[in-house]
Amino acid sequence: MPREEMMRPLIRGRGVGSRPLEASASDPGTPLVGILGTGDFSRSLSGCLVASGYPVVVGSRSPERSRALFPEEAEVTSQMEAASQADLVFVALFPEHYSTLAGLRQALAGKVLVDVSNGIQVNLCGTSHAEQLAAMFPESDVVKGFNTVSAWALQTGPRDGNRQVLLCGDSAAAKAMVGQLCRALGFVPVDTGLLAARALDLENLPLRLFPSWRIPLLSTFALFTAFYLYNFIHDVLHPFVMAGNSRAFSKMPVETVNVTLPAVALVMLALVYMPGSLAAALQLSRGTKYTRFPSWLDRWLGRRKQLGLCSFACAAMHAVYSLCLPMRRSARYKILNEAYKQVTKGVPDSWQDEAVWRMELYLSVGIMALGLLSLLAIASLPTVADALNWREFTFMQSGLGMAALTAGTLHTLLFGWDRAFDPGNYHFCLPPTFMVVLPLPLAVLCSRLAFCLPCLAARLARIRRGWEKSRHLRFVPPEEGGGGCSNGGVGNGRSLEDVSDV
Amino acid sequence: MPREEMMRPLIRGRGVGSRPLEASASDPGTPLVGILGTGDFSRSLSGCLVASGYPVVVGSRSPERSRALFPEEAEVTSQMEAASQADLVFVALFPEHYSTLAGLRQALAGKVLVDVSNGIQVNLCGTSHAEQLAAMFPESDVVKGFNTVSAWALQTGPRDGNRQVLLCGDSAAAKAMVGQLCRALGFVPVDTGLLAARALDLENLPLRLFPSWRIPLLSTFALFTAFYLYNFIHDVLHPFVMAGNSRAFSKMPVETVNVTLPAVALVMLALVYMPGSLAAALQLSRGTKYTRFPSWLDRWLGRRKQLGLCSFACAAMHAVYSLCLPMRRSARYKILNEAYKQVTKGVPDSWQDEAVWRMELYLSVGIMALGLLSLLAIASLPTVADALNWREFTFMQSGLGMAALTAGTLHTLLFGWDRAFDPGNYHFCLPPTFMVVLPLPLAVLCSRLAFCLPCLAARLARIRRGWEKSRHLRFVPPEEGGGGCSNGGVGNGRSLEDVSDV
Amino acid sequence: MPREEMMRPLIRGRGVGSRPLEASASDPGTPLVGILGTGDFSRSLSGCLVASGYPVVVGSRSPERSRALFPEEAEVTSQMEAASQADLVFVALFPEHYSTLAGLRQALAGKVLVDVSNGIQVNLCGTSHAEQLAAMFPESDVVKGFNTVSAWALQTGPRDGNRQVLLCGDSAAAKAMVGQLCRALGFVPVDTGLLAARALDLENLPLRLFPSWRIPLLSTFALFTAFYLYNFIHDVLHPFVMAGNSRAFSKMPVETVNVTLPAVALVMLALVYMPGSLAAALQLSRGTKYTRFPSWLDRWLGRRKQLGLCSFACAAMHAVYSLCLPMRRSARYKILNEAYKQVTKGVPDSWQDEAVWRMELYLSVGIMALGLLSLLAIASLPTVADALNWREFTFMQSGLGMAALTAGTLHTLLFGWDRAFDPGNYHFCLPPTFMVVLPLPLAVLCSRLAFCLPCLAARLARIRRGWEKSRHLRFVPPEEGGGGCSNGGVGNGRSLEDVSDV
């Protein structure tokens, strides 16, 4: 991938013989940056600082041994030397070795210490490394930061995905100093508050595993299990118990999964658009968009993207499974046996017009639904989404999204055809799966239709432009953000408050 | 998606207890920024300005009520207060409430007003909001801008897709002041000209819906309809009219669509590479690359990417439809009936070598064509394309593109096999679809071969390096941009002038 | 695509009537930038400089003729004029016309010349254009750079993929000056060293064609050819030679390819995870992570991403080919003939439970393997990868990756079932393909299991946190980068040294 390609010169550049761009070094008041520790991170950091024109001094326990690891512009000396020379000191040691710094307390007094450490496993209670450091060096200003930045990002330069540097600390001045350094390296500093309040969170950040995906994935798995069991009882257990048909068990790996996946996909897709309806209903009843939603609804609205991608994944798997069906031995044997029957019965033509039409129709609608979901998935890629204006974003998420939900529901209805009315499809009195699935998407679609009624639509539009019932009654002319009408549309459309993009 | 994850600390950071990074605030001459209005946009803007170290004063009609909505570093006061204190004022009201600002005329005199408003529907004639504002405050310098920026982008910081801030206004100094502010927030200001000339365009920008996709999508739909009708008459109507075969109608949802899609895909792909041939021919005949192409050709060249993605979409759908064929009931019934025939006729083996080879061959070539198109589609993703150097870009678009066109054409030829010569395939004297499709791609392929002839190729290369016939005759040594040869290759390759990447 | 949409205003902005944002121009000491040459690149560069507030003077051989091509803020004059006025001069001519600049030697003395030129074909030995220029103008400081930047990037502004500007030159001051200019335009300057050492490399960079993909692609093709031949002999030649069955040849386009692709995919996937095992073994035996790996292992580790994507491509093609199987004429004829046999033999039911189960199982496992590989492929998209924290990255690459390898291996084992023990599958004494494929992935999986043994796992973890056997013996307390433990995890995980992400 080009990434490596672009890297190579950069890395070479770090080698002996390359010179820094003294750009900012020429500015007066560029702080002398010290780095304690000689690990991967301090090496990358030193290279990055040198390239941005900062004078760097590295404090090592064995300078002569470490010198070769650092760009030649960086001075590599003893920890004491480095600590006393530098204005701003990065502490790049393992927390468990902080104790070895005790002797530097005088040298570091009055200076800014940056704690870049991370825990090994999530540490929910207890004190953060940064607070331990602050306790060791009461005369220094400790700032927690850069721990969310990877040595890789330092080497290649920040990119859209990793441009933010989250900082916290008790001294605003110290944070400002570190913030300026961030900017000089091309990062975007974000102050998150005080050490006591945020250091622990920051140290846990790099250890978190897709937190925004937890609930969507769990609900997907839960739905899958539930529907799988239902289908197992309905399609496998029933024929076995009733007719002693043991062949039904061979449905388990593919066929049962393939009946379960579309059910999950459709329910998940309905769950993407349900919170929007709820929020709209709330706004209508409250007559304002400025009172916050209950937190569960906030969180739900904030997970629509993940829910949608889970739904797409299930739909795509369903497509693959379906396409596999005719390839299977079981399908082949069934055809052969049918052929045998047809011949022995002497039926020259077994064509059933209704069965043919039903399948042709639900196939084509299903393919359309999948196509629409694919477009939505592509549009949810960061770079693609970033380049959409608010109307395009709304059109994709709301317009195409509802079209996909409609197509998916239609696909299910056509698949069901008239089989809901055939008692033969009720095994153990359980209705066929598609009947269990349909209520939710149908409800969402109806609510959407309701919000399109002129009266409701107009009121909703007014509310989303900032109109408020309360005010209106007090005859106070509304006061609203011009940008709010459109930009806010996107802004909040993607944040937790607003639903105009649903 | 990680986006939310990175957001959370940022949002928390906005809450009470967080401090701004006074970074730039320390600089003298940082303007005091005023914001009139308390909507979504002004809230996000204030947070963003505060985080970048700007002193912010918000003018609200009900300060006490609004204070809670803004970061604590921002001063929230009356509109009059804010207007008189600030050096630079963002007007974040709905245009319809501009009138409520009449009283601030004195307070705002001599200051820079930024109009961030957007229309609700596209406003093609009429005056822009910015011009209305300028008329209300003749003593102030009005700059239109930030209306293309979403509150979301202000909260998360600019990304590649939304880094540009388009500005217009009549005072260069005012625009420079706003431009500097943009840079401080990490955006890239782009001056687009005077209010009268551009304000309306800017206000309409966020309301535009994929303008660059309109023509490609329309042509796709037009082609689809045309070919669908053709195939309907050829494959459905003809058997019905001639043989009264009503089963043919069941071909409509899937089979007819599946004959139409590849036709559209191939024609669209030919349309991607046709303008390149035309442009090359023009350059050859004119003997220079410096005279502009006719505007229709410019526009066509500028839409190649969209045309290509439409073609890919059709090809992908064609693949899915084809893979669905054997799964259908109709296919099953056909096999059963054939089996019946075979048995009753007593034919032990119905293998036809030619039919087998024909299908195996066009299948494998078709899969290759799809694979190549997929690579092209992936390479057209912003981040991937940005990381390609000009030669890689040319190789992908020109090399792989032509390979895909060749494979697609071959796929069609193999599908056609010898059936063009069987009068039985001419229904109502209409040739089979593949014969209607082939001429265009074949013409494009031939033109490309022609441009590979040494004589033409050499002349074309000279012209694209800036050589000009006219000059050449005047014996003036050419003068050309070194970068132009290669970088220009990419630059214009992706812009509207050049075709070196075709 | 939105890119064009955002472009339009920018381009308009370049037109007559637009004004520059004097932002930085107001700063004292903004250099007057000269550009020699009027090609595509110089036009884009001038527009970009003007928009960033630099005063620009363009030197043209025919100023009046060129003026219209440049933004009105740029002064277009004679080459001599431009050369004598400017502080910093971009030489944007074709190298072959450098001689025409001889007259400007006095005017350019003591100034910084930027050589932006590129070769037409890769120039491995010989002198670079930059060195030729330096030889022509001994009194000037020549800096090579911007040749890796496209006119397109200059027009649209830098993006993640193309933000770096690689520079080289002999004068640090000159490079610093150009570096500052880069920053002002939003690029990230990277000093790569001296002219003699690097200019040639830089000039060749834009001519390189996916260098990081060469070896992965070559190995893919090599494996494909080898396995294809093996399968051809095993499945096509053998039945023909033994039974004179000429129909077997019709397997070549699809079936043989479809047996070859999964073999290649699985071997490639094993090759992705093998170097990690080797590296871990080396680290364990050496007892340190600080001694470099042999260069072949370094290179191998650096190509894992490409190897993985090649493996995914083969797996995806395998899926498509497999789904095509039942659609083919040959499949249809086979079923018909089987039906005939079944009927004539009077077998009412040809169901074989084992064959059914075998296929259902390896199908479902295969689909899972493909799903996992798809997730990995998506996660390797730049924007997605950039947004992952180190633990998420490790989880994806190591966790999901091994899961995919396991699923792929299981898919193959289930496909093989008991057929390894049926001598009928040994044609010409050659075992069936799946047996040739399995050893490698099985070996990798076993090695991974070994590294999970508590003793080895613990030691490896210590080593990767910087513990060193040697040191340990000398009882020197280890000294390590705090960030190194986690960030370094990503940093080096993606660089060539470390394997913690494998």
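In this document, chain identifiers A, B and C correspond to the written order of the chains, with residue numbering beginning at 1 in each.
Here, contacts are C-beta pairs under 8 Å (C-beta built on N, C-alpha and C of every residue); 3 or more make two chains touch, one makes a residue touch a chain.
All figures in this text were calculated on a predicted structure; none of them were measured in a lab.
Where the sister copies subunit A and subunit B meet, the same residue numbers recur on both sides for under half of the interface positions. When the CA atoms of subunit B are superposed on subunit C, the rotation angle comes to 120 degrees, reported as a multiple of 5. Look at where the CA atoms of subunit A average out and do the same for subunit B: the two points lie 24 Å apart.
Within subunit B, contacts with two or more other chains are made by residues 1-3, 6, 160-161, 205, 208, 210, 323, 326, 335, 339, 343, 381-383, 387-389, 392. Those residues of subunit B whose C-beta lies close enough to touch subunit C in the complex are 1-3, 6, 160-161, 163-164, 166-167, 172-173, 175-176, 179-180, 183, 188-194, 197-198, 201-202, 205, 208, 210-213, 302, 305-306, 309, 319, 322-323, 325-326, 335, 338-339, 342-343, 347-353, 355-361, 363-364, 367, 370-371, 380-392, 395, 465-466, 476-495, 497-498.
Against subunit B, the residues of subunit C that register as touching in their complex are 1-6, 9-10, 12-13, 15, 17-23, 26, 37-45, 51, 53, 60-62, 91-95, 97, 100, 115-118, 120, 129, 146-155, 157, 159-162, 186, 205-210, 247, 250, 252-254, 257, 313, 317, 320-321, 323-324, 326-333, 335-337, 339-341, 343-344, 381-383, 387-389, 392.
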